[in-house]
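Structures given as structure tokens follow.
Each of the next two complexes has subunit A plus one more chain, namely subunit B in the first and subunit C in the second.
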Partner chain A sequence: MWGLWTAVGLVVAAGLGLGLVFAAADRVALTGAGPKALVEPVRSALRSLLEQRRTTLAPDRLLWRTACAAVPVLALLSMAVVPVGDRTLLSTSADLVWFNAMEALLWAAVWLIGWGPNAVHSLVGGYRFLAQGVAYELPLMFAIITAGLGAGSLRTTDVVAAQSDLWFVVTMPVAFVVFLGSAAAFAFWGPFAAPAGADIAGGVLSELSGVERLLVEAGRVVLLGASAAMAAALFLGGGSGPWLPDPVWQLLKTLLVTAVLVGVGRRLPVLRPDRAVELAWMVLVPATLLQALVVALLVLAGAYG
Partner chain B sequence: MNDTLLSDPAVIAVVVLGAVSVGSGIAVFVVDSMARATFALLVSFLAIAGVLLALDLVYLAVVTALMMTIEMAIMAVFMIMFMMNPAGLMPMTMVHNGRGSAAVGFVAFVALTVGIWTTDWPSRRGQPPADTTRQLGEAIMGSHMLVMLVVGIGLFATILSGTILATGRGRYDRFGADLRATRPDDPTPGGLPR
Partner chain C sequence: MDLTGRIRRWALGRPRVLVIDAPGGERFRWQLEDELDRRHWPLALSPADTDLALVLGRPGAQLAAAIELLWSQVPQPRHRQDIAADGDLPAQLDAASVALVDAANRTEPVQPGAQTQLGNLGPEPDDVDDEHAGHSGHEGHHMHHGGDVAGLAMADTAPDRDGLTLDVLRVALGPVLPGWPTGLVLTGSMQGDVLTGVELAWVDGSDDPNHGVLQATPQAVAMDQLARILLVAGWPTAAAAARRARRDLSGSHPQRAAQTQRAAARVASRVRGSRALRWSVQGIGSTDRGMTPAGSAHAAGDVWGGVRHWCDVAAGGEPVPVAGSPRSLTEASILLEGSELAAARLVVATMDLERPATRVETESTGV
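Then we have the complex of A and B:
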């Protein structure tokens, strides 16, 4: 039996570990660094802690600081329903909605990070984040619910168990891609990095320094790592696989998803946020709805056991 | 109330979160910044989501948190679209018709409180189901389907009419008076090549 605090500590450590791995993979993709890439995120984190903090004229300190702290907290809360070694910290009848709700709370947090410092580039970045959010939120909801539909349950462990015969990625490729794309967009990373774009001097991140920058950057990579683990659980059969024990397979699949996400995401150009909504609503919403329809018909035909 | 009820963590959570919800609801009318008012309202709704979580209604709790957060964020988008001071960084009063709204709020509060404490509530029969999410789904897709469909279509019609009333450009501006233009004439191009 796990004690509750041991379990919480384990899940937090898993989240931070996945975040560190993602940050290292990201650095390898950007700079072509070797094994040193694993040390570099830790080193820049320590540097952030020692750095002198900057502030702006008349910021809204309460909302700004709350939002900075909220980003890593929400990323770790989303880990609560991600399987770590065959079980989840929190197993409810609505795990998938929990995961999405923690991501959605980032809407509020990131907009506030943009609004808080009373600075124009930062605010523009916050609004860019919302503009992208309006685009991908609906396709993401359809993608997540498609996995729940195939399993007949919103519980993560049930979704993993329902893939014992066939991984969901085979029948739900569109949902899989949309899920990973939305994770990148929630972390405003890769092709969705316009809210923190160089054309607006770093956008939402422009006025962050010291521990606040560390919190936000850590939250972003933890969310990406958690999403990679969740994608492995929802679409790649979780821990199922031959010879090796389940947690090892789960980890290997998560690392594979991380590598693919970084490899593809860093090769795509940054999407202009004013183009995102039309693309998402004219292409992705119909595509994810069709995907849900196909899965619903397969469920009726008894394809998922 | 007896001692066992008050020492139940769920009851304590409901009481504390209820107080947080009312407190941050009041804060909406006290603060002098648009962002603080918006996020005080969000805290109020999140406390309600916490109450639902304490009552073991997980699906309703997370859906409340999800929808209310997105709603507040959309409100921030509307702020920049329609307000004269889109950033809201200058202190400004957040109250319109202060006396009237205070009176309406007070009367509603008194009516609800009196109703809650004077109603002869029935005692519980049976047990709560193991899976409240499934029960909710079966109710929505079964016995309450008609109500939910009417509400859903009503909400959708409201969204459409709100958008139509708010937009300055209709299809005649985009596709010409005879609607024959092959490409819409938009001030900013969308994401699709058309």
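Then we have the complex of A and C:
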């Protein structure tokens, strides 16, 4: 039992750590203030803890508050199937489905955050997230399944092991990119930040203050950090690499993915919500299906051993 | 060694600032935003993420009432300060920062919050009571059993543009929103995020045409407009670059004029050259489509056309009036009819509206 709690603590710490790293990198890219901006997420977190919790007129308090707490919980739960030091906290025959399911549950959470406070901008943000969630769920699922297809298993550790000869990113570049893009869409971050857009005064975040804002913001960055780690595991060979121990390679690859994701994501403007949805349905769904087809043919040809 | 006090001071060291530029304060807003950028104090998007509310200029009676309501929604710790245009700006911001930490150190009970203030306004949906977060959107439950909730009317249902029966919310946007002309209020009905029955009005306006005009070069004004558009379009890094360029353009450094011009041209070409932005905003607010009456005097001018126009002027080109860009509120409200909220915000940010004059000083009431 003691071992289990240690493992849970380790995974939670890893999730929060990755989230903090992502938030720090994001702040540096956003403010252009250099390394001094690295501490800003900590400052924001402390400020949120000092801040009064807000309420609005006639909110649905139970659902609103529950949904705010659900965002970081779901993000940390998705960490349960991400390899930390070659092992995952939870190892079932359907790890990849679990990861996807946590993101799907985010629909409900973010929608309720938008709906709960009984306010227009917040509600519009919720609508935007619903549309975006539906549109990016399928490409994300196809991208994840493609990795599972190549490995012949839905277990994360099997997927990592299957890349001992060749990293999946080589044969699955589209799935890799779509996976990261969809993660950004589910965390409504970067070009997919329309649900929290400035044009709707912060959207789903517009009525949040104090600990609720901290929970939601933390959940978003933990999800992005966990997705970066998952991308390293599913497509970049996990911990495999010369000279250095596996966990170090895993961490280095995760940091690299984080840096690339932040660098690209902050270079782009927010896509107008209907355009973001159009991109998913018209481009990403066909592209990921094609990618899955190519990988399926390669599997039949025995390319993955 | 007061450790908690120090932590508090550090945590509030970069407060999020809500800038409210009342009539007469527009030009000064530039200097304030430059100073905020220099200090890395972020701009707030809503009352919920506001620590400091800074009021520039002299709000008229209606705007003052709106600021009062907005203020009631800002969570503690918070501080509000009128910024004097002739005072020492850094010293005023330092004072505001100290006052914010003082507010955090005080442990007095919370002021009458949003609940009370909004509850008082609830039964009067026609009030200009929705300055920021959209509370008067009276969105009720989806059970339409009539009646009201907490003094708010339930949402009605009506056929929408696709013939579906959807909830209709009465909404009011403004007079204070990020990237929004302060003092402008949009009222209308919203189904999903589609606006109908749009009406635009300025609060506290008068007829004097010479007030509210910025005393700055057209190039700097265009750069300001660009910063506003980019903020609304959700491109904060480019918006910050535009603000920096605006600072240099409005400063007087003749020895660095060439450098300033190059920097301005760089910002403009970055924005013009963004395919993502182009794809995102192209085709919205076009006077060709939508509900514009046939025979309208305007040519096709969408938001992308407006962006290109402002880029040209900001890069130092000749300021030519853009075809199809409305200047009056009536024209603008026709253009906004039937648009989505996101599109409406972009269209308003792109427009060069005739700003109303400030009121005569004796009539205005300070906050």
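The rule we apply is simple: the second predicted complex is superposed on the first by the 301 of 305 C-alpha atoms of A that agree within 3 Å, B and C clash if a C-alpha of one lies under 4 Å from a C-alpha of the other, contacts with A are read in each partner's own complex, and residues count from 1 in each chain.
One rule holds in what follows: contacts are C-beta pairs under 8 Å (C-beta built on N, C-alpha and C of every residue); 3 or more make two chains touch, one makes a residue touch a chain.
Please read all numbers here as calculations on a predicted model, not as lab measurements.
Of the two partner chains, neither subunit B nor subunit C is touched by A:G85. In the superposed model, A:N118 makes contact with both subunit B and subunit C. In the superposed model, A:W98 makes contact with subunit B only, not with subunit C.
By the document's definition of touching, both partners, subunit B and subunit C, reach A:R275. Looking at the shared chain after the overlay, A:G241 reaches neither subunit B nor subunit C. In the superposition on chain A, A:L154 contacts subunit B only, with no contact to subunit C. Of the two partner chains placed by the overlay, only subunit C lies in contact with A:E51; subunit B stays clear of it. Counting residues of subunit A touched by each partner, subunit B versus subunit C, the larger count belongs to C. By the touch criterion defined above, A:L208 lies against subunit C but remains apart from subunit B after alignment on the C-alpha atoms of chain A.
Of the two partner chains, both subunit B and subunit C are touched by A:Y127. Note: residues 58, 118, 123, 127, 272, 274-275 of subunit A belong to the subunit B contact set and to the subunit C contact set alike, using the contact criterion stated above. Put simply, subunit A touches subunit C in their complex at residues 29-33, 37, 40, 43, 46-47, 49-58, 118-124, 127-128, 191, 193-194, 197-202, 205-210, 213, 266-275. Of all the residues in subunit A, the ones that touch subunit B in their complex are 58, 60, 62-63, 92-94, 97-98, 100-101, 104-105, 107-108, 111-112, 115, 118, 123, 127, 130-131, 133-134, 137, 154, 272, 274-280, 282-283.
Residues of subunit B that touch subunit A in their complex: 33, 35-36, 39, 42, 58-59, 62-63, 65-66, 69-70, 72-74, 76-77, 80, 87-89, 131-134, 188-192. Contact residues on subunit C toward subunit A in their complex (touch as defined above): 7-8, 10-14, 40, 45-46, 48-49, 51, 73, 75-77, 104, 110, 113-115, 118-119, 122, 130, 132-137, 139, 149-150, 152, 169, 171, 177-179, 190, 192-193, 230-238, 240, 274, 276-277, 279-281, 284, 340-343, 345-346.
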